[in-house]
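Both of the next two complexes hold subunit A, though its partner changes from subunit B to subunit C.
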Partner chain A sequence: MSARFAVGSPVHRAWQSAGLVTLVAGAVTLPLVFDDYRLTQLGQAVAYAVALLGLNVVSGMSGQISLGHGAMFGVGAYTTAILVGDHGFPVAAAIIAAGLLGLAVGVVVGLPALRLRGLYLAIVTIAVVTAFPLLLVQPFGRDLGSGGASGKPILLSFVKPSWFPLDVTAVGFRFSMLALTAVGIFVVTTRLVRSRVGRALIAVRDFETAAVAAGIRAAGVKVGAFAFSTMLGAVGGGLFMLMVPIVSPDSVGFPLSLLFITAMIIGGEERVSGAVVGGLMMVYLPTFTSDMALKVPSLAALPQPGLLATVLYGVILVVFVLFVPRGLMPLATRLRERVIRFVPPGLEGPQSGNPPRPREPSETASPAVRRETAST
Partner chain B sequence: MLDSDVGNVAYLLQLLLSGLSTGALYALFAVSFVVVWKASSHLNLAAGELGSLAVFAMASLTTSLGFGVWAALAVVLVASLGGGALLQHTLIRPADRRGIFAVVLTTLAVYLVVNAAVGLLWGTQARQAPSPFAGGSGGQLVLLDGPPRAYLTYGDLLALGTLAVVVGAITIGLHRTKLGLAYRAVASNRLSASLSGIPLSRMYMAGWAVSTAIAAMTAFLVGVRNGSIDFQMMTPMLAFGLTAATVGGLDSIRGAVIAGLALGIVVELVPGVLTAVSGDLGLIIALVLVLLTLLVRPQGLYGTKRLERV
Partner chain C sequence: MKFHVRHGSVAALAAACLLASACSGGQSADARGGERAGGGAFVVDAKGCPPDATEALPDGAPIKIGMSMALSGPLAAIGAPNADGFKAALAAANAGGGVDGHKIELVLKDDAYDAARATANAQEFIGKDKVMASILAISDASISATRPLYEQACVPQLGSISAHEDSSDPVKHAWTTVAIPPAAAEAAAGVKYLAKTVPHGKVMEFRQQATIGEDWAASFPRAAKAAGLSLLDVQTISPTATNLDAQAAKLTASGADAVVGELAGAQCIPMMQSLAKAGFKGVVLVTSACNGAKQNMMPIGKAADGVASLFFQKDPSVASAKDDPGLKQYFSDLATYMPHTDPTVTMTLNGYTAAELLIQNLRDAAKMDGGLTRVNLIDAAWSAKIRRTEFLEPDQSMNGDKDPYIINYVAVQTWDAVGQTWKPTGISNTWDGRH
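Entry: the complex of A and B
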C-alpha cells in the first residue's frame, strides 16, 4: 500500500520543491554534460513544450481544439527574429513582445469563435494556420521583414555574459536561459490552473450552463484561456529561435499544428507535465523514425523517407484517441501512486485493507482535473 | 485606389467569371462538409486528403494502366464511396463514443497518414494532373473579346457543370428517394429517426461515402484547373471549403453553394479591383469572412439556428 499524504502537507510541499529544484538544477547543469548538438535538440523540445503547454490549457482545460498553434509558434518565431535582427531588440524583450502579439491574436481569433459551442474554434484556427504562411510570402509580410519564402534568419549575439559562473558554450548558456524561462512558465501556469481561474475554466468545460449559473462568464473565461494559450504558443516560438538559426514559412503551417496536436494527445492534454513528454516526442520521434527507415532498404528507397515520421504520427494519434485518450502522463502518475499518493486533507494516514479509493485518485495531485464527461 | 482597368467591362466580367469558377470548387468542397455535418455534426477534416489520394490514383491509372480519364474517374469515385463508408465504419464510429473532439482528432490522424502516404508513394514534386482536356483546363470559350478578353476555360465549365449536377442530384436524392427521406429525418432529429427504425449507422456511412466522393471530385477539378497536382494541393482548399461551409451555414447545402460562389468572387474581385490589396490574399479574406460571420450571424447565411434548452 502506498503512503498517503494530504495535499498541502509538508511532505507534499517537499515533493513539489524537490521536483522544482531538480528542474532548475537540470536547466543549469545539462550544458556541462551534453554537447551542443544534444543541447540544441533538447532546447527545441523545451520550446515545443512551452507551446504545447498552451495547447494543453485550451484543449485539456477549456475543452476546445486549436489547430492554429503552428501559426502561433510562427508568429513568435518571426516576431523574435525580426525584432532582434532588424530592430536591435534584446532577445528577452523580443520574446516578451512576441508573447504579447500572440495574446492579441488569440483575443481577435478567439472572441468570435468561443462565444459559440462546438467546433468553431477548430474551423477558425484552420483558416488562421493556412493563411499565416501565405501572409509571410506576400508583399505585406515581406515589408514587415519576413524574408519571404526563403525564411528569416536570426543573428544572435546572445552569448554567455561574464557573470555567468559555469564554463559552458554559447549554446549551453542559451539552453540554460531557455530552460529556466520554461520552468518559470510551467510553474506560473500550474499555479494559474489550480487557482480560481483554472477551476472556472474546468467548470465551463464540464458543464457550461451550470458554470454560467454559478456566476462564471463562460465566454470571457474561454477567450482568456485561448489568448493565454496563443501567448504561450508565441513565446514557445520565440524561445525556439534561441536554438535554430532560421525560420521559414514551410515550417510554421498546418503540418506543425498537426504535430502539436499529436504530441499533445501523446503526453496527455489534461496534464501540464504532458506537454514535456509531447515536446520530447516532437524532436526525437522524427529522428528515430528516419534512423529506423534508413535501415530498411525498401523504406530508404522511397522518395521522401522523412514522411514516414508523419505516417507514424497519424497512426499514434488514432491509437491514442481510441485506446489511450488521456495520454501517457496519467499512466506515469498511476505508477507514482504505488509509492506515494497525495489526497485531499482528511483522507491521509495509514489505511487498513483496501481503502475506498477516491473516485479520482490523481485528481488533486495533478494540476489539471480530468474530464468527467465527454464534451459534446 | 482603384485598378486602372476597373472601367473595362471585359476585365470586370473576367474577374467575375474567374471568381465563379473558383467559387464552384469551393462550393463543391463545402457541400462535402455539409453532407456529413447535416446528419452527424461531424467535420471530416481528412476529406481533402482523401480527394488528393483519389486524384493521384487517377493519375497512375491513366498514365501507367492505360485507363481513359473518365474511366479512371469512375473507378476512383466508386472507390471513394467505399473508402468513405469504410472510414466511418472502422475509425469514426469508435471515436464517436468518445465525443465530437475525438472524431475531429481521428480525421486529423487520417489527414496526416494519407497526406504523408501520398507524398511517400508519389513523391513531393508536382506532376501532371489527369484531365480530359489538352493542357489541363483546355480551350477557352470567349464571352467578350478584349483586350483583356473575358472567357471560361473548358475546365471552368466542367467545374460549374459538376457543381450543378452534384447539387441537383443531392437535392433530388434527399427529397425524392426513401434513403434521402431517412437522411433528412436523421438530420432533423437523430433520436426520433432511430426510434422510427432508421439505421443511424448506415445513414452516417452513406453521408461519409457521398462526402468523400464529392471531395474526390473536387480534387480532380482542382487538378484540371491547375494543370498539375501535388501532395499539398488540398490544404488551402480545406480552409476555403470550411469557410464557405461556415459562412453558408454548416447544415445548408444551398448556403454552401451560395457562400462558395460568393467567396470565389470576393477572392478574385478584391485584389483585382483595389490596388491597395496586392498579392495572393485569398486565405486572409476567407479568414476575415469566417470571423465576421461568427460575430454577426453564427449560424451562417442559411444555417438552422440552434436552440438549446437548459
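Entry: the complex of A and C
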C-alpha cells in the first residue's frame, strides 16, 4: 500500500525541497569526497545532462526529432573557448553568450520545424551536425578562432575565492560552480515544463490540431522549444569547458549526437530527471564497457579487446530499448509510487492498496511508436 | 505558476552570479618549461613541483606507466596495435629483470580518441594510479588537454604522437616529449624528392582537413616554393570522404606533374585508387602515415606501383623484414610475449619502439643523482641517446632545445608492386629544426 499525498501539500513540498537540498549539498560537498578524476567525470556528466535536458524538451516534450544536438553542444563549447581564450571574457559571461548564440541558431534551424515532421526534420538536423565539424576546419572557421583540426584549448587558472568556505582543489571548485549552475538550470526548466508552457508543448506533441483549436500557437511553441533546446545544448557545451580544457571537431560531430540520443532513451526522454541519468550514462557507460573489455581476463585476452567495448555498449542499449523502453526515470518513478504517490488534490484519501492503473494501449512500446500512435 | 517560474529564475540567476564571481579570474595556466643549466645539460623547471616528483621510487616498487589509448572508437585500429607492441617490449624488459630492480607495469585505459576521456584518464593516472610517466598520447587535442595536468603534477608525458611543431617545445612545455618527427621534417624530405624527380614541376596537394593536413600546410608550401616547384590549387579532402574521384579528375585536368597526399588513415587507399582510375601518370608522394605496405599498398596491386612514401621507421610488413637483423629482436619479442598480435602492422612496431625509448630513459634516470624520480626521468628523456635498429637511422638522440626530436632522419622510398617491396630512392633529409 502506498501513501498518497496531494500535489502541493506540505509533504509534496517537503519531498521537492529535499531533492533540491540534496542536489545543492551534493554540488558543494562532493569535491570533499571525490578526487579530481571522479570530479572531472562527474562534471562532464553534469554538463552533458544540461545539454540533454534541452534534447528532452525538444524531443520528449514537444515531439520533434533533433539529431543535431552534438553541433549545438559544440557551438557552446567553441563560443566559450574563443571568448575566454581570445577575447578575455569572464567564463560566466562567455557561457551566457554561448547560450544566446545557441538560442539564435535554434531559431534559425528550428524554422523548418514548422513545415517538417519526423524523419524529415531529423534529416535537417543531421545536415547541421555533419556540416559543423567541417566548418570548423575551413579557413574562415580558423579566422574565427576555432583552432582548426587540432581543436581550441581553453586554459583556466581558477583561484578559489576567499568566501568559499570549503578546502577543495581547483577542479573541485570548478565542479561546484558547474553543478550549482546546472541545478539552477534544472530548477528553471522543471518549473517551465510544469507551467502552461510545458502543457502547451505536450498538447502540440500529442494532438496538434486540438492544441491549435484550444488557442495554442503551435508554430511558436515548436520554434520556441527548438530554440530553448539548442540554448541548453550550447550552455552544456560551455559548462563542459570547465572540466575539459579543449574542444575539437572530432568531439562535437554526429557521434556525439548519437550518444545524446542513446542517453536520452536510457534516461527517459519525457522527464527532466531523465537528463541527469542520461548525462551520467554518457560518461560512465563507455568507461564501464571499456573497463569490462580490458579487465575481465577472458575478454582482455581477445585481440583488440577495446573494440568489444563498443559491442558491449550496443548490447546494453538494446537491452534497455527492449526491457525499459521509456527509460530509467519513469521506471524509478513507478517504483517510488509503490511507496509514496502524489496525486491531484482531492484524490489523496485512504486507499486499500494500489488501484490498478489503466494501461495505455501503447505504453510498452518505444516512445517513438507511442508518438506515432498519438499523432494518428 | 508564475511565482514558481520566478523562483527558479532567481535560482538560475544566483548560480550564474556565483559562477561569474568565481570564474572572473579565468586566465591561461602557467606552462612549465626548461632551460640549460650553466650551458650544460638541459633540465626541466622543477620549481613548485610536488615533493614526490623528486622522491626516488622505493626499492622493488613497480614503475607504473600510464597509457591512455584509443582502444575503441574511430582510431581503434591504431590504438590496439600500439598498445600490444608496447606490452611486448615491456614484457621483454621485465623478463630481463626490469629497470634497476623495478618491474615496469602498464596502466592501460581506453580514451576512444576523445579528449574528454583522455583528460579524465590523466587525472586518474596522476591522482590515483600515481604513475611515473604517461606514454603515447595520440591526437593534438588530447595532448593539449592533458599537458597542463601533467605539468602541474610534474609527471612526464613521454612519446606523444604528434607531428605538430609546437608539440615538442622544451622551453615552454618541458614535461612533454614526442616520438615522431615533425611534419616539417617529412615535408622537407618530400620536397627534395619532388625537386629531383620533377624539377620546377607543377605540384598539387591533396590536403586532408585534419591535423595532418594542417601540419603539412604549415611547412610544405614554403619549402616547395623555395625549391622552385610551382603549387597548384590545393584540393581539400573531408576526413570522412571515401571517394576522391573529383579531386583526381581536377588533378589530371590541371596538368600537374606530381601530387602530394597530405592525408592519413582510411584515405590513403581511396586516393591511390582514384588517381589510378583518373589515369594520372605523374609522381605520387604520400606521408609516412600511408607507408604500411600491408595496409595501404598491397591491397590495391598495380595502382600503388611507383608511389613514393616518407619513412623514418622500417616497414615490418614487407617480406624482407623477417630477414632484417634490425627487426629480429622485435619479431622475436612479439612472438614470445604477444603471440596473438600481428607483428607486421606498422603501429605495433610504433608501440614497441616507444617502449624501447622509455626503458632507455628509465635506465638513464636510475643512474642519475637521486635515482629513479620523475624529475630525473624527464631530464633523462631530453638528453636521450639510443640505438634503435628498427629505424632507417638507428642512432638517435635528443638534446633539449637544441635537438627536441628523437627522430630527425626521413627518407623517401618507392613501392615496387611487382617485387612487393620498398625501393630506396637515395633521397633523405635530416631535420635540423630550420625550414
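Here is the rule we go by: the second predicted complex is superposed on the first by the 318 of 376 C-alpha atoms of A that agree within 3 Å, B and C clash if a C-alpha of one lies under 4 Å from a C-alpha of the other, contacts with A are read in each partner's own complex, and residues count from 1 in each chain.
We take it that a contact is a pair of C-beta atoms (placed from the backbone, for glycine too) under 8 Å apart; a residue touches a chain by one contact, two chains touch by 3 or more.
Keep in mind it's a predicted model, so treat the numbers as computed, not measured.
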Touching partner for A:325 - first (subunit B), second (subunit C), both, neither: first
Touched partner set for A:134, first subunit B, second subunit C, both or neither: both
Touched partner set for A:261, first subunit B, second subunit C, both or neither: first
Which superposed partner A:310 touches (first subunit B, second subunit C, both, neither): both
Per-residue touch tally on subunit A - higher for subunit B or for subunit C: C
Subunit B versus subunit C as contact partner of A:191, first or second or both or neither: second
Subunit B versus subunit C as contact partner of A:296, first or second or both or neither: neither
Subunit B versus subunit C as contact partner of A:109, first or second or both or neither: first
Partner chain in contact with A:118 - subunit B first, subunit C second, else both or neither: first
Partner chain in contact with A:3 - subunit B first, subunit C second, else both or neither: neither
Common interface residues of subunit A - those touching subunit B in one complex and subunit C in the other: 134, 138, 303-305, 307, 310
Parts of subunit A lying in touch with subunit C, wherever the complex brings them together: 35-37, 40-41, 44, 84-85, 90-93, 95-96, 134, 137-138, 148-151, 153, 155-159, 161, 164, 171, 173, 177-178, 180-185, 187-192, 194-196, 240, 242-248, 250-251, 255, 283, 286-287, 290, 293-294, 301, 303-307, 309-310
Partner subunit A, residues of subunit C touching it in the complex: 1-2, 4-5, 7-9, 11-30, 69-74, 76, 79-80, 108-110, 112-117, 119-120, 123-124, 126-128, 139-141, 144-145, 148, 164, 209-211, 213-214, 238-239, 340-341
Residue ranges of subunit B touching subunit A (in the complex, touch as defined): 41, 43, 45, 91, 94-95, 98-102, 104-106, 108-117, 119-124, 235-236, 238-239, 242-243, 246, 278-281, 283-284, 286-287, 290-292, 294-295, 298, 310
Sites on subunit A touched by subunit B in the complex: 59, 63, 65, 67, 108-109, 111-113, 115-116, 118-120, 122-124, 126-128, 130-131, 134-135, 138-140, 209, 253-254, 258, 261-262, 265, 302-305, 307-308, 310-311, 313-315, 317-318, 321-322, 325, 374-376
